[in-house]
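Chain IDs A, B and C follow the sequence of writing; residue 1 opens each chain.
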Amino acid sequence: MTWEIFNAIGTIAFAISGAIVALEEDYDILGVYVLGMVTAFGGGTTRNLLIGVPVSEIWDQGPLFMMAIFIITIVFLFPSGALKHWGRWGTFTDAIGLSTFAILGAMHATEMNHPLSAIIMAALLTGSGGGIIRDLLAGRKPSVLREDIYGAWAMLAGLLIGIDLVNQTWGLYLLFVAVVTLRMLTVKYGWKLPHRQFTDQKKAHM
Amino acid sequence: MTWEIFNAIGTIAFAISGAIVALEEDYDILGVYVLGMVTAFGGGTTRNLLIGVPVSEIWDQGPLFMMAIFIITIVFLFPSGALKHWGRWGTFTDAIGLSTFAILGAMHATEMNHPLSAIIMAALLTGSGGGIIRDLLAGRKPSVLREDIYGAWAMLAGLLIGIDLVNQTWGLYLLFVAVVTLRMLTVKYGWKLPHRQFTDQKKAHM
Amino acid sequence: MTWEIFNAIGTIAFAISGAIVALEEDYDILGVYVLGMVTAFGGGTTRNLLIGVPVSEIWDQGPLFMMAIFIITIVFLFPSGALKHWGRWGTFTDAIGLSTFAILGAMHATEMNHPLSAIIMAALLTGSGGGIIRDLLAGRKPSVLREDIYGAWAMLAGLLIGIDLVNQTWGLYLLFVAVVTLRMLTVKYGWKLPHRQFTDQKKAHM
């Protein structure tokens, strides 16, 4: 039950993030709904595809769909009003979504008896796959591949579940809190993953 | 039989639209074929994936493939000549494709006993999914998410079939004509879906 | 056994190409790994999806994964040092990958009793699908659709296998050498597929 609440919070946060990106790109109302839904449900769908769960299972999430559609409508109707103070709340609910999706994704892959690589990838995809599809549909470079630390926290959750270090209920809750905290600290202190300077000879000559 | 003719017309129109986009982007002949084929068959393939029909069923459409490859070859060989007066015909045959694909897609999802959300999504994806993949492969923002009314007519068809308001043969033909007409009126009068102005604080500060 | 060695060489070359593109785009370490892995394994995964092989079979390639992760780590740690003289070697190992992936992809589709169109598409996708996904995730137009001759050699391999002209072990080796050679000559002499000038009336008026 607790996980269902976290899952709902994350779905809402992801749907809002997709709707906002669509508004920023001046997409029409169809674009706002499509990006909202894709951000909320695209990660889990891609994960199902890769770990061998029937993709059509997404259609069993009726109540979550309704909720996402409702919240996207609110965003579309009151873009400035509804989103004025969303910034901080958005980061927090999005962190809940990242953490929940990563943990549930990793557990899903574990149940299918997949190897560690698949479990880590499932956590990463469930947590950040929706955002990647959102960015592609918005004509942007996927932010998760170049900005602050996001997907790596999902992979960390996948790793700890995959090596069976975390498997008890209380352990999973602890992991949930840890990932949310790490994500919030990332935003607060502007943590980034390492980048490498790469001088491309060809580009340098142009 | 009638639907097969509509389906063929739509497939040709979609293949031509993909080939033209590739020519506009100065892609080579391989790019022209790939974008043509992807626009014609990508929507149905993605729909199959999401509603649980084996994706490999696409390979059973041999004659449609041949037709699409033939027409793309014509477009490539005579780009200016063949396309001089294509504009209006293109809009009309594309509208036939949109309408046919949406209706057949929705019926496909209905046969699988999926809920309404899946039926509407199947209509949208079959009708406009190919165009979205085409735009992504061309490095463009998907036009269906931001320009005039296109995908919404597909969703309307999906809705009417999904709530079982339209299920008789004559009803489906009527719906087909309605969607084609609505799409043609959209182009003629420049109808658009609502947009919302969204002032992004962060962007405004830059 | 020989094919496994070719396959390993190709996987390494593809992983390196993905990692380099990520470095060129200033992606962080997560982006470097994701693009490296996607380039190496994305083509085969998409092919499996389209020819009806369970996509989750990718997780059985543990040793190849390890190898790809190892080589991407090297690229990330020593970008300039490791890549100084990579250019020519990169082209050669990439050609081995293209040839191997195309041949193995075509044989995979043949075993599934798919028609010729599916076999050619399987060769094309296995050989160049990873690069297309890499380019999309990097915010680039897919190079295979517009630059020199790459995917067409994969399709040629698919064609010759699909019409059963090449099916013996020695014939496959000969085909392998031919595709590698054609690809190397393409790079050496700057061969290109035909392009067509296309004057878009609308664009010309703007």
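Following the convention adopted for this analysis, a contact is a pair of C-beta atoms (placed from the backbone, for glycine too) under 8 Å apart; a residue touches a chain by one contact, two chains touch by 3 or more.
Small disclaimer: the values here were computed from a predicted structure and weren't measured.
A.B. asks: Tell me whether chain B and chain C, two copies of the same sequence, contact each other through the same residue numbers or different ones, using over half shared as the line for same.
C.D. replies: different
A.B. asks: When the Cα trace of chain A is superposed on that of chain B, what is the rotation angle, expressed as a multiple of 5 degrees?
C.D. replies: Roughly 120 degrees of rotation.
A.B. asks: So the centre of each chain is just the mean of its C-alpha atoms; given that, what is the distance between chain B and chain C in Å?
C.D. replies: 29
A.B. asks: Identify all positions of chain B at which a residue touches two or more other chains, and write them in rising order.
C.D. replies: Residues 49, 136 of chain B touch two or more partner chains.
A.B. asks: Applying the document's contact rule, which stretches of chain A touch chain B when the two form their complex?
C.D. replies: 20, 22-32, 34-35, 45, 49, 54-56, 58-59, 62, 65, 76, 79-80, 136-139
A.B. asks: Please give the residue numbers of chain C that touch chain B in the complex, ascending.
C.D. replies: 49-52, 112, 114-115, 117-118, 132, 136, 140-142, 144-147, 151-152, 155, 192-200, 203
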